[in-house]
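Next, two complexes with subunit A in common: one pairs it with subunit B, the other with subunit C.
What follows is the complex of A and B.
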């Protein structure tokens, strides 16, 4: 008996791995022309894990505080062995994670994979996506550089416009009336403790549901006889392919981190004026650009308030799509959903490009 | 009595007849001159009296009426002795009215009242009821004469004492501005302007020449003629006027040269209020060129360290003996350009070589040569360190700390430039060595960052290769595994 098999037998004897292997062995993944999209869930998971590992490593040296944050990142990047690599990978992986999660979300949307019985899986996924944006927003401030400072100021200002809850929300986020060292401490706490905790719960639930319910197959395959359906075992076939893609992503990440190291910029100066042409991160750009286009006053509503309400409403509808798209749940084709999804994608892409170029 | 005497008396008689005829109708003057009171006595010499302006012009009432009650009836506009701001307003009723002034044949400007209202003197007096200064404060009330008249209190030869009546009165000035000195007249008397003024030179600058006459603004008022950035222009209004300065036989290009100087550029172009204006070196009320041996003291009010080093250097004695103006010998006076390392050494453009050569003062020659070599090597090593840091930064390396250290290098260069003024080779070498050590540390960090850059690229290449090999192996494994599955 080889060493690997000996170790397996040792573990199996204690935790009954056989049951798990058997379960996974019986689990199949549908194979069809859209199978590629299944991998983005795994890629998102992989990038999240990288975030967790690099985040923990950064925590070993990062110091929160108005007078320490920037300097500690500077120290990480110049003095700590491979600190530059860890920080750069953390920043790049954060962006790729949001991109990958976005692709995963749209693929699920277009495949109508949210339909019964996967409503809860969709909800947990969407909540994680919103949290990913929150991770990005809170993490962006942590280096306490000029761009981060003003982006946070603008971002929290926008949050403050929400009717009724805006002002208290803004004060809560900023830990005061303005963006200060207290805001940094609050964002740090939210970024490294509050959100990871909630995210882990949601992720566990999401993964358990995916495993329990299996991969959703496209609607057009539902009526195909079981024998004619192409499928592959989840373990090890799909998992090995996942692993292959992860290695490619890791390579891309390493190249990005080395060739395009994440800049630190200048330390934030609360008394300086905001740099010209300040923009949020790319994933908020379409919303930021939209707010620019809405007139200051629309009927009796403030333009900015209207914009935020519309985005809020849009987000809520998106979140609740399994509940109002009854047709898909009944197994009927719903082209309207495809048009809505297409419109949203085009809107995000166009406005992001316009915002980037502007 | 000769013929000329006869003509003189005839003119006087004619004038008296004319005046008597005129003021025979001005009952105010008739009565008051009969009493012989001071106002009417003074008024005889007043420029207004000569322009046939009646007492009623300022006091109101009806000067044609013989009856005192009717003449001084308030219904007829009689106001008696004007008080407070009413004094200036009465003056302004004519002096701010171009038509009236023309009618009286005057070509005087009519903006005095506006000027006075905009001036620092127009602030409320301690009584809170009137301006601090009225027209009569400087021009008197009844004996007003042209400023050209030697008896005028605002004549160029008298104006300094007129101003000093208030400005030299410590008790009075304390009520308004306790921080304002009250020794301006005393200082002025020691100045070149004051000495000439005392000798009767009307062209020499007096208070009004620099501060203005009616629109006198506080020195911190940006519109003031003596506000730091306006002062060189004010001085140059006389000192750059070749025709005006002709008789004084001094150059008139100071302002032009000053504007090109490091001080002039800082003050006039960059509006750096800390930069010196004319008065910083020459004094203001006691304005005079600094003496040869006190130049370093004057420059030292700002360049303190340089001045101290120079004063304790062997050059101090040598310069004094040769009557060389201290700082000025190397740095010039009005057209002081930014000092560069080129001033040091023994090249043709260096200042040291003006007195030192291989035959004349050879020890200084060798020191100057050595010092230049040291400061050049410091500059070269700084450039080298800077270029390494810039290259590393351009390549995306984090060199924030090394960049911060570059400040130490710059500081060392500044220190070495200051230390030149000690003209002491060992002390100079010590400072330069400190700078060289700092540059070497920065250069080392820059080089390390560049090495790290290459290391990262190589590391990336290796790791990418390993990951690719693993990925390809995995791909092949999947293919083989799935083939076996079938």
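What follows is the complex of A and C.
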């Protein structure tokens, strides 16, 4: 008996691996013209893992604090071997992660894969998506540069306009009434400890559900007899395709990180004016642009209050779509959902472009 | 009649009493755990030095038709010397979403880069999203020294 088999037998004797092996052997992935979209969940997972690894590496040199943070990133980028690469990958992967998660989310939305019995998978996925935005927002401040400083002032001030809980929430986020080194310390703790912990729980639940329930099939295949359906084994066929794509993503990431290194900018100065042309990261741009268009006062509401209420309501409806789209859960076509999704995509794309060009 | 398997009579009032004591104890315990955590998360009030006036520099160092940010305690204040040489000072914190404003020579206005808010040289919000005017500060010139103080 070879060493590999011996080790397998040793483990199998203690934790009975047959069940797992049998499960893996019986797991199939449906093959159809929309199969491509199945890969984006895996790509998001891969990018998250890259964030964990590069994030831990950055932690070894990063120092939080008004007089330390910017300098420590400068140190990482100029003195630490391959520090520039690790930091650039972390920044790029963060953006690609949000992009990939967005594609994953919209594909699930248009396929109505959130329908019964996968409501909880959708909810955990959406919560992770909101957290990804939180990761982006909190991580953005950590280099303590000019853009990050004002982005955090604006972002936390927006949180402050939420009725009732706004002000305490803002004080909690800022650790005081202004954005200071105390805010940086708090964001650092939230970014590297609080959110990764919660995210890991959600991710585990999400993956267990996907494994237990299998991949969702498009609705038009539901009436096709089992024999006529095309499928491929998850192990090893689908997994190998997954891994090949991960390799491609890693290469793309390396190219971006090397040829378009992430800039550090200027150190934050609380007594400098906001620089001209300041804008948030692309995934906040459509909301930022909307805020520019809402007048200061709409009826009795402040403009930003209206903005945040509308986006909050929109986000909540989006999160709860499996519960109000009853038709899809009954297996009926629901065209209205497609129009909603199309409207949201167009809105985001158009306002992002307008915000980018402006 | 079958004998032997009768359940003993339940003492309802005793059961209710235990329910209240135990669930009350559980709630008190949860409170004793959660309250300190919430209180810990609330940042303590820092004693702030109350600033009533600051020196903003020498008058001859400031060009006409220009503006600069002055540190007023922990807050930024914008000092503007207009084209005719008069001095004005306002809170530099945009009333929209907390960004720091700047003087725009080309517009002859106070401008916020974050959301394109505009104020005239009296601090009035004239365009864009700002909901309120900027608070004005008092400017006094003592010899060559420019002093900014809070309006009372």
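Worth a mention:
Note that the second predicted complex is superposed on the first by the 340 of 358 C-alpha atoms of A that agree within 3 Å, B and C clash if a C-alpha of one lies under 4 Å from a C-alpha of the other, contacts with A are read in each partner's own complex, and residues count from 1 in each chain.
In the analysis below, contacts are C-beta pairs under 8 Å (C-beta built on N, C-alpha and C of every residue); 3 or more make two chains touch, one makes a residue touch a chain.
Computed from a predicted model, the values in this text were never measured in an experiment.
Using the contact criterion defined above for the overlaid structures, shared-chain residue A:273 touches subunit C, although it does not reach subunit B. Contacts of A:31 after superposition: neither subunit B nor subunit C is touched. Look at A:247: by the touch rule set out above, it reaches subunit B but stays clear of subunit C.
Of the two partner chains placed by the overlay, only subunit C lies in contact with A:175; subunit B stays clear of it. Once chain A of one complex is fitted onto chain A of the other, the partner contacts of A:198 are absent, as it touches neither subunit B nor subunit C. Within the superposed three-chain model, A:207 lies out of touch with both subunit B and subunit C [touch as defined at top]. Once the two complexes are overlaid on the shared chain, A:310 sits clear of subunit B and of subunit C alike. A count of residues in subunit A touched by subunit B and by subunit C gives the higher number to C. Residue ranges on subunit B touching subunit A, taken from their complex, read 396-401, 456-457, 459-460, 463-464, 467-468, 470-471, 474-475, 477-478, 481-482, 485.
Within the complex, the subunit A residues that touch subunit C are 150, 153-154, 156-158, 171-172, 175-176, 178, 182, 270-278, 288, 291-292, 294-297, 302-304. Partner subunit A is touched in their complex by these residues of subunit C: 41-43, 46, 69-71, 74, 76, 78, 92, 96-102, 112-116, 125, 128-131. In the complex of the two chains, the subunit A residues touching subunit B come out as 74, 77-78, 84-85, 236-237, 240-241, 243-244, 247-248, 250-251, 254-255, 258-261, 263-264.
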